[in-house]
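Which chain is which? They are A, B and C, in the order written, and residues in each are numbered from 1.
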Amino acid sequence: MTSNRTFRGGVHPLRARHEGKAPTRGQTVRDYAAGTVTIMMGMHLGAPSEPCVKAGDHVKLGQVIGEPVGPLGLSVHASVSGKVLAVGPVQSVSSPAAMAVTIENDFRDEWADGLRPLGDVETCPAEEIVPAIRAAGVCGMGGAAFPTHVKLTVREGQFCDTIILNGAECETHLTCDHRLMLERGGRIVDGLRAAMRALNVKKGVIAIEDNKPDAIEAMRRAAQGRAGVEVMPLRTKYPQGGEKQLIQVVTGREVPAGKLPLDVHVIVLNVGTACAIADAVIDGRPLISRITTVTGRVARPSNLRVRVGTSVADLVAACGGYSIPDAEVGKVVLGGAMTGFPCPGDQVPIAKAHNGVVVYSRAEAAEPEESPCIRCGRCVDACPIGLIPWRLKYLCDANDMKEAAAQNVMDCIVCGGCSYICPAHRVLTASFKTMKDRIAAEAKKGKG
Amino acid sequence: MRTMDDRKHAPGEALKYGVLGGNPLLRLGLGLCPALAVTVTAMNGLGMGLATACVLLCTSLTVSTLRGLVAGRARVPLFLLVSAVFAAVAQMILAGWFPALNGALGVFVPLIAVNCLILNRADEAASRSGLMTAAADAVGMGLGYTAALTLVGALRELIGRGSVFGAAILPSGYEPMLLAAMPAGGFLMVGLLMGVFRAVASGRSGKKESERT
Amino acid sequence: MNLRMSPAPHVYSSQSTRALMLNVIIALLPCAVAGVWHFGSGALTLILASTLSAVLAECLWQKLAGRRVLIGDLSAVVTGLILGLNLPPSAPWWLAVLGSAFAVVVVKGLFGGLGDNFVNPALAARAMLLVSWPKYMTAWVAPAGWNACVDAVSAATPLASPGSFTAWQLFLGDVPGSIGETCKLAILLGLAFLLLTKTVSWRIPVTLTASAFAFSWIFGGDPVAAILSGGVLFAAVFMATDYVTCPMSAAGQLVYAACAGLLIVLIRRYGLYPEGVTFAILLMNIAAPLIDRCVRRRVYGHGKGANAHNG
């Protein structure tokens, strides 16, 4: 049943504890609506949107509250109906405060007018699919938050022959995609078919790691009878869900350095994104909610379907609060343990691409002390890209940008595998991320 | 590396520099070859050091006198010629009056002619300054080199044979470490001494040292 | 609520440096026990002296050099233990102390500490001891239990007098030799533990032994006796696998181990010493960075693989 093909390197974080997924993977998704939501304008990869409402306005569910700005701009919609409390900068998970719209939920969930459902994905006009996706403000929901309508735009001279749905969910702790596949498999396939029809693509592959046999079965049933759609089980290994690794294992092709998947005629979408596409096309509904896994030191770890903009504190409350005293909470991570972002506080709002919240106690949050590199080579074995992390670390420490770039630090996918496996607990991934940002900033300065 | 311009030209300064801060063997790394090969005993070290020092002094004085006559690329063959002459003289003196030492030092006596210490000082100091300065530099460097070689020789003899200058220091039950008598042991000893010297020197002068080098 | 803002990843492998070193120490215990079983009080003294001396020397050096004292990572214990197991059981205790101190301070500490030694510290110390006090380092006693070193019946090792021991004797260690290297059964137990705990990979031990076996047969010797005599197995499992001094790439490790096997056979056959393991491994340690440099890894997205796609 499992594909024998796999990528080189990789690690198995928390293997003995089922990758931290055991507490939440057996539970049905619960709906949750909070009293207030704070919707960030910059939830996507691109310029933050311009708010088009002001404090005191009454908004309906799905109403546009942020206009897209620039080529990678994306619309932002109200995720609840109610009164706009404030429009202003708010502390989010990234360091500088960013523009957001805070809305008080009146719990009436009145949908805005002007929704344009297109109906059945197999029969709707294909050329209207991508505009519908754009109007719905759909972006990548697996974490990258790239505007989906831009991803589904094929330029002159390019073509796409395969669309891959990423159901791998290789990150630790997260089970939101798993539950989505079990509960809304049909919609996921609808979303895939919509994307395939929009670009006239004949082949769609839903890739799922083999630690989710029930999801594989569910998606197989959902994909039956759907043209060109197949389900491919993959060997469980982190980071199988990384775009490059997924493309390599599913299609055998390698994305050249500095290029995009479309350059090897592949488009990769998260299963959550596919579901949002289906909602946008079939019902005309914009992206206003997502499933987020809340786990760790909370009383009842769960998968919650939450409105975009719900604060972490509200999510934790919906899970019965922290299972340890407030003072004992050491770290709150947005995402999974391998690539998640630490939160400065629990008032941080959930964005379109935040797929998990993991709460750590102080003891769990304590980082082990960094000790000298023993040249064991485990980091070299772990790197899925083929880099030599211990050598790169020395270059980053010496701030040698030129040599680090020559040693391909820009190809690092920041998966965290090397830092995870290092016996000396060296700070590898974070150093590479910093160096990559520095090199990119230098390049930008040089150009403009 | 400190040059002639950086420090005072007083003889006292030059002496101190040659023995401590600018010690040719332990700081500047000059004259390593004989240091590794012949310093099996303290006496060898002392003898080699003094022989080299004398040749250095004579060469420096001569080069200083002849400075200005030859310049550019031709100066190095001149230094070599001068030092070869004095090395030959030293070889004859050693063969005549210190035959045992001469035998122990062997081929390294004529090799004093190409000892990079002599050539380096001729190029850096003697060819650019007057007789007094050249002499002071040569005496300082020569003393420093001799002191270093004697120290290395004494330590190697102590560990390798249990004696210093032939006088047994360690009790007769001592098992000599044969490595100390081999060139490999010399390598290790010189390296360790360089490290100790550097640590002591930087400890004493602290910031002043790092500012100058 | 005071939340930590440490960067990803937020989970760490349980195999820390200390855990890895502890695994090696446990793997060495069968050899130590076998050594004491065969050679008695002398062996025990040496093992204890060398281990203690290594730890003390590292502690003193790190304090002197103003570095963080890191003896808790147990790497000094490993060095001391390996050196102790490499000594002839009748050697005086001060030999072990000096050797350990040399290994930890000169070979490891002076070059930068853990992770920066350019050759295997225990082996370099053994080489130094061999050259400095050859009379103690080449005196062997017959395995005779607890008083083997007290009675000190001098005997010839299997390498010095090949053919005078059966394969079974060689395998169980009932022969003269260094404390830890004689009992091959103990070494294999240690190897099994290291492989099970994923502390070392099979590549170097298997390749080195196979290479020594093959070349010994090619050069006309008895290959089974060759790998069962002297320190080949011990070195293959514990010394050639030292992380710091072996190449990091898989292909590099194979080359490294194969060349080491060849060198062992060559030094034994044509060299001055009956045992070639020490110098063979030291030479390959020095060559390891060169091997790493020659074996290039292809980075995803570069080179031939990246351009080979349909259409």
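General observations
Basically, contacts are C-beta pairs under 8 Å (C-beta built on N, C-alpha and C of every residue); 3 or more make two chains touch, one makes a residue touch a chain.
Just so it is clear, the structure is predicted and the values come from calculations on it, not from any experiment.
The most distant chain from subunit B is A, comparing centres defined as mean Cα coordinates.
Once CA atoms are averaged chain by chain and compared with the all-protein CA average, the nearest chain turns out to be C.
Between the CA-based centres of subunit A and subunit C the separation comes to 47 Å, rounded to the whole angstrom.
Centre-to-centre separation between subunit B and subunit C, using Cα means, comes to 41 Å. Averaged Cα coordinates give subunit A a centre that lies 69 Å from the centre of subunit B.
Against subunit A, in their complex, subunit C makes its touches with residues 1, 3-13, 15-17, 19-20, 70, 73, 75, 113-116, 243-244, 248-249, 297-302, 305-311.
Subunit A meets subunit C in the complex at residues 11, 13-14, 20, 159, 161, 172, 244, 248, 252-259, 264-265, 326-327, 329-333, 335, 337-346, 358, 360, 365, 367-368, 371-377, 380, 384-388, 408, 411, 414, 416, 419-425, 427, 429-430, 433. If you check the complex, the residues on subunit B that touch subunit C are 175, 177-180, 182, 184-185, 188, 192, 195.
By the touch criterion stated above, subunit C contacts subunit B in their complex at residues 92, 106, 110, 128, 131-134, 136.
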